[in-house]
Amino acid sequence: MSADTVRAHSAEPSASAIRFEGVTKRFGELRAVDALDLEIEKGEFFSLLGPSGCGKTTTLRMVAGFEQPTEGHIYLDGEPVETVPPYRRNVNTVFQSYALFEHLDVADNVAFGLKRKKVSSDEIRTRVAEALELVELHGREKARPRELSGGMKQRVALARALVNRPSVLLLDEPLGALDLKLRKQMQVELKGIQREVGITFLYVTHDQEEALAMSDRIAVMEHGLVKQCSSPEDIYEHPSGPFVAGFIGTSNLLSGVVENGCVKLASGATCVAEVPSDCPQGAEVHLSVRPEKIWLDELEEGMVEVGGTIVERVYVGTTTQVIVELGPGMRVTALEQNVARARSDDRWQIGDRVRLGWHREHARVLR
Amino acid sequence: MNENRFASGFLVPPGVWLLLLFVVPLVLVLALSFGYTDDLGEAIYSTRLDNYERLVDPDYLPVLFRSVGFALAAVVLCLLIGYPVAYYIAIFGGRWKNVLIALVVLPFFVNYLIRTYAWIAMLGDDGLVNGLFDSSIRFLNTPYAVIGGLVYGFMAFMILPIYASLDRMDPALIEAGKDLYGGPWQTFLHVTLPHTMQGVLAGSLLVFLPAVGDFVSASLLGGPEEVMVGNLIQQQFQASDNWPFGAALTVAMMAFLMIFMLFYLRAAARETREATA
Amino acid sequence: MSTVESRPTAPARPAAEPARAPGRPPKEFDRPRFLKLFMGVFFLFLFAPIVLVVLFSFNSSRSLQDFQGFSTRWYETFFESESLRESLVASLEIALVTMVIGTILGTMLAYGLVRARTRVSSSLNVLMLVPLVTPEIVAGASALLLFTQVKLELSLTTIILAHITFSISYVTVVVRARLVSLSHEVEEASMDLGATRWQTFRLVTLPALWPAVVAAGLLVFALSFDDFVLSFFTTGESPQPLPVRIWTQIRFGVRPTINAIGTFMLVISVVSIGLALLLPRLFGRRESGLKVLLGREAA
């Protein structure tokens, strides 16, 4: 648990929207969630990010009430919720599969939660219209779910949840089934809606780009544990460990040993680096450098330098990935923007020797 | 209330019902099979094996064998007739597949009794056929009539599963088989038949089970030489009022069928394994 | 059987060959001609008795050998006979009650088997399947024994009890197939939105299951209406359901009224199965009832 998660408890502990206290969930032998301590603030867009099986969905389901923690406590708005069934919690969920009611039309779908609360039919009408406006589905009240596209179904699911004005909205990989373009569009829209409505969003995803784009804070999870919990910039620029560095964005992880305040790579080269105090001489570490921070050939003063041979070039439209081998089994990916001036296939051929460099502060030493 | 408890509640009424009205009666039958009838004609529960000894009597054993024999004959005939029908509809049916299958199934909506009775009407000594050809051929009261009745009665149960498995089969397999084996018969034996084995087994079971216990066909279309175990059981419970013996017959029949089912399940499981391998 | 003339089996088929629609026969393979003939004979034998029954139900004479003119007298005899009318009503009553109760119990069992995980689940599952493979005569005899043991007099009630017992399995199988394809998330969504488990069942699960429930119900209706053996063993003196009456009439010889009764029953059965196949469409869903009965696809 990094220093980032230690929050100064305000005078009213109930200020947080969701609080996890030592929450563990076991399925038989498996620990899906392991001693989770987390506090999510009101109005935050908070993401749980991690690969499949890391426990993020289980955590979400515990907040919704579909799973019960084996150990620990969950507090919603300061109140413990172990004994509260899902239908009495002031949270609503948007499911990845949308889970719309096929036998009801859009308006009845959206109104479902309100009807359970016995809201008056006039108020229902108004609020349903509001919700549909918010998700830009106005005019579609009478449509049936099977007539709608994936994106539209997602909006109905969103409206159906938001119309109840929950204190927390839970989203379980809601954009997973959409195509790339639509996904990007919906990401922007969702962020906008969250800002407009001001509700706390707890968002689960395995797509780190998505999490980085939308979240106020991200908790990166692996094997049921939170590896790092912080803002997107912080996680990206200062990953706390090799897993986070590898999972968020792409990173080069060069294995090496601490030697006299520098890192000696397995390939033999020695790099000047900012070695943290808890890495003594001889400690095995990873040097983590983002590909876009690596310069090729035309280096600046004071940069850390290594040499290598180009083994591959991958053109991806906006950038070109240049893969350089520093030594046996050690490869580094550098990213070059394909700006109009120089064309990479003129500059580098496979087999060329090239110099790589980065600023010292752009490399992290991780254990 | 958690989900398990909520949903388990639903199991109680039907579970209790099946227990009381299905399991208990079967247990009673089993128990009664060890009983006897006293002088007043009352059925008494006991622990005697007399009824089972009677089963292997020369009076009764042939009836049991005959039932199995007739049922097997019915299965074979249903297979020989039903498979080509299913094959035609599945492979050559085209647009008319659904219509054809519906036509095949339609007669089975006529009550089994009526259908059997129709054969009496047709094949009886005063029946249509004898009238048309001015003949007096004895069709009824023969084993062939009874087997025919069984075949006619349960044909749909053979055709539908085979049709389903043929329909599910990729026609390209037959093409490939043709390339591989050359002749249509070879292709059928090595490609089509193995792939539809599950349907064949299912259909055979669905015909065999009711056929063994049937008494309608034997009663209406057959004579005293064609008595089946179903007739015997029916007689014990209604005419002769010898319920304990009837119970023993029932138990014997059930036991035999269960053994048969075991073989079927094992064969079906093997088919599934081989099919997915 | 002539040998298949060799055709180039080169991967590139000649462009002239038309694109094959799925299910079209492989060419120069089987001789459909022989099969076609076989089919013709088959349908002839299949329908001959039916046609006979229906045709001669309108025969003006008693004869089964000559059709002497169109008449509805046998239907009149059927409907004018008070006892036969009673039997018809009895059959319909039995079928309706069996349909309602059997469907309720069968649906409950399906839901419990799919959504609950208990120690008895697998045994209950087997228990549910056994009636399907139990010969009717065993069913009838055992039911009769039970009713006699508990000193319950044989009547319509006993028939209904027996019918329900054996209809539950059919309903469970049909409904279960559909329930399994229903996503669990939809029920979770319902609870998430504030519906209790019972409300969820009523407002979300049941409506989604409805086509299967209806189809199963109509299936049970048809099966019960047509049933003979079970009814035969569990019937009282009077009224007796129609199939039992038919049996007695046949035993006493061939009577033309039977043709009329049989044709009438055929119509009832066809109508109810037809409804079972068509009603799901009328409910505004696009799936055919046949698919529902066979358990493929949910909405």
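Observations on the structure shown:
When the chains are written out, they are named A, B and C in that same order, and each has its own residue count from 1.
We adopt the following convention: a contact is a pair of C-beta atoms (placed from the backbone, for glycine too) under 8 Å apart; a residue touches a chain by one contact, two chains touch by 3 or more.
What you see is a predicted model, and the numbers here were worked out from it, not measured in a lab.
The chain pair sharing the most C-beta contacts is B-C. A simple rule picks the central chain: find each chain's mean C-alpha point, then take the one closest to the mean of all protein C-alpha atoms, which gives C.
Distance between chain A and chain B, defined via averaged C-alpha coordinates, is recorded as 61 Å. In this assembly, the C-alpha centroid of chain A lies 54 Å from the C-alpha centroid of chain C. For the pair chain B and chain C, the distance between C-alpha centroids works out to 16 Å. Contacts with at least two other chains are made by residues 1 of chain B. The residues of chain A that reach two or more other chains are 85, listed in rising order. Those residues of chain B whose C-beta lies close enough to touch chain C in the complex are 1, 3-4, 6-11, 13-15, 17-19, 21-26, 28-29, 32, 81, 84-85, 87-88, 90-94, 97, 103-104, 106-107, 109-115, 117-122, 124, 126-128, 130-132, 152, 155, 171, 174-175, 178-179, 182-185, 187, 205, 209-210, 212-216, 220, 230, 233-234, 237-238, 243, 246-247, 250, 253-254, 257, 261.
In the complex of the two chains, the chain A residues touching chain C come out as 64-66, 85-88, 91-93, 95, 97, 99-103, 112-113, 116-117, 146, 160-161, 164. By the touch criterion stated above, chain C contacts chain B in their complex at residues 1, 3-4, 9, 21-26, 29-30, 32, 35-36, 38-39, 42-43, 46-50, 52-53, 56, 64-66, 105-106, 108-109, 111-118, 120-121, 124, 127-128, 130-131, 133-138, 141-146, 149, 161-162, 164-165, 168, 172, 197-198, 222, 226, 228-229, 233, 243, 246-247, 250, 254, 258, 261-262, 265-266, 269-270, 273. Put simply, chain C touches chain A in their complex at residues 183, 185-186, 188-196, 199, 204, 207-208, 210, 299.
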